[in-house]
Structures are given as C-alpha cells and as structure tokens.
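Below, chain A partners chain B and then partners chain C, in two separate complexes.
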Partner chain A sequence: MSVFLAVLWKDLLAEWRSRERVVAMLLFSLLVVLVFHFSLPEGATRRQAEQAPGLLWVAYLFAALLGLNRAFALELENDALSGLALAPADRGFVFLGKAAANFVIFFGVEVAIAAVFGLVFDLDLAPAAAGLAGLLALGTLGICTVGTLFAAVAVRTRFREVMLPLLILPLLIPVLAASVRATTSLLAGGGLPWDALQLLLVTDGIYLVVSFLGFEYVLDE
Partner chain B sequence: MSGPALSARGLEKRFGRSPALRGIDLEVAEGAALALLGPNGAGKSTLLRLAAGLARPSGGSLQVAGLRAGLPGARARVGLVAHATFLYPELTARENLIFAGRLHGLADPAARADALLEEEGLAAVAGRPARGFSRGMAQRLAIARGLVHDPALLLLDEPFAGLDPRAAGRLAERLAGLRRAGRTLVLVTHDPGLALRLADAAVVLARGRIACELRGPELSEAALARASALAADAAA
Partner chain C sequence: MTAHAPAVSASRALPASGLLLGGLFAVYAVLVVTAPIDFRQGVVQKILYVHVPCAFSAYLGFLVTAVAGALFLWRSDPRLDRVALAGAEVGVVFCTLVLVSGPIWAKATWGEWWAEWDPRLTVSLIQWFVYVAYLLLRAFAEGSERAARFAAVYGIAGVCAIPLNYFAIELFGGGRAAHPANLGRGSLGEGFGWPFLAGVATSFAAFLHLLLLRIDLETRRNAREEGAEALEAH
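Showing the complex of A and B:
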C-alpha cells in the first residue's frame, strides 16, 4: 500500500510542478473539439446533439493517448523506472499508483473538456452532470488501467508514440462503445442503460486485474 | 537470514542471442566486500542488475541471503547505486529521498531523508529540485537514495564516477564505515587501487565469464592490474 501511495504522490507532485501533461491534454482536446465543431455543417444542431457523445469520447481518447504517451516519460530520465522496480513489494502496486495518478489527471481534464464541449455544441450538461461524472469515472478507469500497462510496455520501444495507439486502441473499443452508448442515453434524458454499464464494469474489472498482474513482467528488463 | 549475502550458481544471462553472463559461480559472504573488474561489456553491470532483481537470469540460480534474487524479500535487502541516478528532476533532493523511503515502507522517511542529506553534505540544497544538480551532487544524492533503507547488501556500479576528490574521499570513508557496520558490498570499478582499498576479494570478468578470482594474499594491485589486462586482451 505504501508503494501505491508513494507513486501516486510522486506522480501528482511532479505533474503539479511541471503541468506538462495537463496543459498539453487540455490544449489538444480543446483543438479537437473546435475541429469537430467547424467540420460539421452549419445548422445541423439536431445531428450535432446525436453525434455529441461520440465526439466527446473521441476527444477524451485522443487526449488520453497524449497523456499516456507522457506518463512514463518521467521514469525514462535517469532510468527512474528501474528505481521503481527496486521497491520491495508486488510491482502491481507501482502500476496501481501510476494508474491512479493518470486517473486523477485525466478525470480533471475530462471534466474541463466536457464543460467546453457543452458550450461549443450548445448542450446543457447540468441536468446529467452526476450521471456523466460517474460514467466519466468508469470510462476513464478502463482507459487508465490498460493504458498505463501498455504505456509502460511502449515506453521502452523505439517508436513508442506509434506503438501505444496500436496496442491500446483495439482494447479500448468496448470501453468506448459502452461509454458512448451510455452517454447518448444519458444526454437524451433516458438514464444510464444497464447493459452498457455492465460492459464497462466487466471490462474495467478485467483490465484492472490483468494489468495489475502483468505489470510485474513489464518492469523486468 | 540464511546463506551467503550473494550466491550465484551457473548463472547465465542472454539478451536475445547475445550471452552477457556465462556460467558464473560466485559467493559473497555476509559482511564481505567484493570488487568486480573487467573491460566494458564483460557483464559486471548485468550481474549487479540481476542481483538487484531488475532482470531475470536466463539460466542457473542467483540468491540474496538465501532468497531468489528479484523476490520482494530479496529486493528489500539490496541497495543499488547504478550508472543512472534513479532521481526525478522535478522533485527536490529531500522529496526524492522521501519517495525512495516510502517505496521501501520506512516508518519515518522524512527523518531518514534529512539524516542522509546531512551525511552526504547536501542539507543546504535539500529543497532544490534535482534538475539543477551537478553530476557530483546528483551522484551523492543517488548514493543516499541507495542507502535510504539501510540495505544489508549494497551494489555499487562505479560509484566514484563524477565525484570530486573530496566527495570521493567521503564516499570511500562511508563505504569503509558500512563495512565496519557489517554491510556487504559488491563494487564495480575499473580502478585496481580502489578495489584493493575497499574490497577483500576481487573477481575479474571477461566476456561474461570469470577470468580470475583473487582473495586474501593473492589480492594485490599488481595482480589485479595483470588480471585486468589479461581480461581486456581476452575481450578484444
């Protein structure tokens, strides 16, 4: 547990000092939202409303890829990743700390993006805010678990910026599909569909367990 | 605790098809100090990283105090000072040590960090981010990081690199003190004089094999220099 808390504290402190990932993710996703807005035909308000959940989650996914690509950059300098691997505990707790830090950072960025998205696409997200926050948490958990594992795999490869999307995008399809479906239903005033929530919960659970167990081998040279 | 501090039997390590270590048999008793010498690429750093649990052997066995190297219990007994410092540039010197202490589950990592900063002569820069540190300061902080959990076995990979004479002298004294306190040291160095001063045994590696082992009266600067030269010739 101390390893989990130590890694979480260290990652959040380092991000607070540099603000490197938060700023990059915010600016990038803001641009993505604006590109989506201007690429849609004028006056297509109804269609925009229908497409909004999909666009929102695609923006999240792009931002997450950017953030995940930088998640282990901190560990590359001075071979700090080896320093983490020296901790006398199950290395799964290092994974949990990194994933939790990613979760906190990504969730904060996503809330900010949702607010901008609502303004740009003229959507009133306030009535669905609580449900949307819960959904964001579940979707972000899925992205952060498998994303953190494969970010650690990709960071030691030569083409890590290319490798990471190739590795994780196929695995994130269930998370994306369930999140978009649930968000669409939520914004249409229909509540959260149980089948989409089930898919998210099961996917999150599997990814969490597999990533926790698999991280031991990722940290080995 | 059971068995020697470090024990290798038929230890092999391959990177792809390239062998880095071939059939290493080695034993380091508790409280002993072993110097590892040999030309670049001989496998010295690989042996240290295997002992620290950063990589798995391809064959044979490697144990730390009777535990398989790499198990959490074995990692708890080992401190590693490697070529890289393992430091986070965004964190201050004190925060880096507190973080390392927390990784090792220390009850009061802040107090330990303060004590180590004092011992390494870094107390005045404790609040400065490690990014601005000179090579020598970073190396001293890396040494403090390696000692944060007071390990029974300290693995040092050319720890004197980048240190000025004063800091090097202080480190030599520090290592001698650790030996007096019963700690086991395994030290990689290219300097036979240093090996002679700090170690009671020396192993010269060449192309992943033990080329020569010197202990007790056999251990002299001339013998070490001769063995190192032979190993370098074998590696060429």
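Showing the complex of A and C:
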C-alpha cells in the first residue's frame, strides 16, 4: 500500500513540476478537434451533435496514447525501472501506482477536452455532468489498465511509439464501444444504458486483474 | 512433465501428424466434391466447409497461446514458450483464411464483401490484429527471454479480449447483420453434415501438423543458436 502511494505521489509530483504530459495531451486534443472540423462534411462540427460522442472518445484515445507513450519515459533514464522492480512489495502495487497517476492526469485532461467539445459542438453538458463524469472515470480506468501495463512493455521494444497503439487499440475496442454508446445515450437525454455500462464494468474488472497480475512479469530484475 | 511432452517429441510426431492430415484431406476432398449443392446458395455454400473449420482452428490457436503463455510464466520453460509462439502463428494463418473466405461468401450471398460489419467477422478481424501485434511484439522486443515474458502477458490479455470484443460488437451493431446462426445438431440439411465434420477434423489435423512443424523449427533454431554461442565461447 505504501508502495502504491509512493509511486502515485512520485508520478503526480513529477508531472506537476514539468507539466509535460498535460500540456502535450491538451494541445494535441485541441488539434484533433481542429482536424475534425476540416475533415468532416461542412457544418458537421456545429450541427451534427450525434457525431460528438464518437469524436470525443477518438480524441481521448489518441491523447491517452500520447500520454501513455511518455508514462515510463522518466523511468527509462538512469535505469530507474530496475529500481521500481526492486520495490519492497508485490509489483502489482507499482502498477497500481503508475496506473492511478495516469488516471488522475488523463481524467483532468479529459474534463477539459469535454468542455471544449461542449463549446464547439454546442452541447449542453451541464445536465448530464454527473453521469458523464462517471462514464469518463470508467472509460479512463479501462484505458489506464492495459494502457499502463503495455506502456511498460512497449517502452522496452524497438519502435516503441508504434508498438503501443498496435498492442492496446484492439484490446480497447470494448472500452471504446461501450463508452461511445453510453455517452451518446447520455447526451441524447436517455440516461446511462445498462448494457453498455455492464460491458464497461466487466472489461475494466478483467483488465485490471490481468494487468495487476501481469505487471509482475513485465519488469526485469 | 506432460505439459512438455509435445515440445520434446515434436519432430518425432511429425510423420504421424502429416499422414493423418493427408488421409483426412483426401476423405474431406471427396466428401466436399460429392456433397449436394445447396439449392438456394448454389456452389458457393461449400465455403462453409472451409470457413467454419478454419475459424475453430484459429481460436484454438489463440487459446493454445494463452494457456502455454500462462504455463511459461509459471514454469519458465522455454519449450512452453515455443508452443505459445507456434499457437499464435498458426492461429493467425487460420484467422487470415477466415477473413478471406468470409467476404467471398458474403459477396456471393449478400452482394457485399464486408456486409454491414458482420459481428463475428469483425471480432475475428480484431483478434487478427491482436495476434499480429503479438508476433510483432516478439520481433521487436530485445532479448528472447524478455520477449517471451512480454508475449505471454499479451497473449493472456488477448484471449480475455475475445468475449469482450464479441459483446462490444453485439452492443454496437448486432441484430442488423445476418451471419448464419450457430450450427446446432442436425441444423445442416441432408448430406451437408459429413463433409462439414470432415472439414473440422481436417482443419484440426492441419492445425496440429502446422503447430508441431513450427515448434520443431523453433527448437532447431534455438539449438543452432545455442550451438553457435557455445562454439564462440570455446
């Protein structure tokens, strides 16, 4: 438990001092919104609000890939990854610390992106804010589980920036599908659909367990 | 030691598995050619005898990868890792056949190659991406022991994703698509059952033969590398 808190604190503090990832992810997502505007049929970004949930989650996924690619960048220097591997606890707790730090950072960025989407697509997010926040949390949890695990893997392969999306995008299809569907229903005023929520919860649970256990074998001595 | 047996005796079992495959394939070919032609779909219905058995073998391969990978993490036996690698590679080959034969049938029957993102075909496509990524990971990870560990973890995550992806597709676009229903007992018409069964048996025999062939190849490759290292150290 203390290892979990120590890793979480270390990552948040490092991020707070450099603000590298938050700035990069925010700028990148805003650029994605700009790209959407010029690649969709005319007026799509203003009138066709039904496209917004899908685009929103695409922006989240891309921003998360960007953030995850840098999640172990600090540890790579000075061989700090071996230091993490020697933490006096189950390595699963190191994973939980890293994943929780990613979760906090990504969640903050996502809330800001959602606000921008609300403005650009002329969506009134206020009535659905609580549901949307819960949904964001569940979707981000799914991304952070396998995302953090395979970021630790990809960072020690050749072509690491390419390897990470190839590894995690096919695994994240359930998270994406369920999140987009639930967001669509929520923004249309239909509340949270139970079937999508169920898939999201089950996926999060399975990926959390697999990542917690798998992290043990991903770090070297 | 039972878990290690297939890896040890891979090269010895090859003639037997090859003979089995040859014999079954002959029976299968005769049965498929002589099977009645479907009165609605015509001759294209015979793709069923390739498509479905290949799908079984593809998913069997992915399962073999996950189980052998998990056992490898537990026992750290390189032979188990070779089984996992072979399972993924052979699985990808069968999965490719599924993804090629499915659209051919769909074009002939529904008039579209990729008809409405049919759920089952889409899941197979996603899993194809997962296991191609698995093979890339093995190629790009540095150090063979580390590659084996990374791949084992990814193989386990990949097999967990199969049901999840299936539910995701159902949630998203299920119901619209018209993939033929699961084959229940006797749901095939008169005369269609035997060639189908022969197809499944032949596909599993081909799976076994390719798996053993791949394990044998990897074993020899490892032995050669170890030999070369020993020679250098000498």
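Convention: the second predicted complex is superposed on the first by the 215 of 221 C-alpha atoms of A that agree within 3 Å, B and C clash if a C-alpha of one lies under 4 Å from a C-alpha of the other, contacts with A are read in each partner's own complex, and residues count from 1 in each chain.
Heads up, the rule we're going with is that a residue touches a chain if its C-beta (ideal position, glycine included) is under 8 Å from a C-beta of that chain, and two chains touch if they have at least 3 such contacts.
Here the structure is a predicted model, which means the values were calculated and not measured.
By the touch criterion defined above, A:Ala64 lies against neither chain B nor chain C after alignment on the C-alpha atoms of chain A. Legend: residue contacts after superposition of the two complexes on their common chain; A:Ala85 is shown touching chain B, with no touch to chain C.
Touch criterion not met for A:Ile105: it reaches neither chain B nor chain C. Judged by the touch definition given at the top, the superposed model places A:Asp220 against both chain B and chain C.
Once chain A of one complex is fitted onto chain A of the other, the partner contacts of A:Leu186 are absent, as it touches neither chain B nor chain C.
Of the two partner chains placed around the shared chain by superposition, chain C is the only one that A:Leu171 touches, whereas chain B remains out of contact.
Once the two complexes are laid over each other on the shared chain, residue contacts for A:Val32 go to neither chain B nor chain C. By the touch criterion defined above, A:Leu74 lies against chain B but remains apart from chain C after alignment on the C-alpha atoms of chain A.
Shared interface residues of chain A, touching chain B in one complex and chain C in the other, are 220. Considering their complex, residues 146, 149-150, 153, 156-159, 163, 166-167, 169-171, 173-174, 176-178, 181, 195-196, 199, 202-203, 206-207, 210-211, 214, 217-218, 220 of chain A touch chain C. Of all the residues in chain B, the ones that touch chain A in their complex are 49, 52-56, 72-73, 75-76, 78, 80, 82-91, 95, 99-100, 102-105, 129, 145, 149. The touching residues of chain C, counted against chain A in their complex, run 73, 126-127, 129-130, 132-133, 136-137, 140-142, 146, 149-150, 152-154, 156-158, 160-161, 164-165, 167-169, 171-172. Residue ranges on chain A touching chain B, taken from their complex, read 2-3, 5-7, 9-10, 13-14, 17-18, 74, 77-80, 82-90, 220-221.
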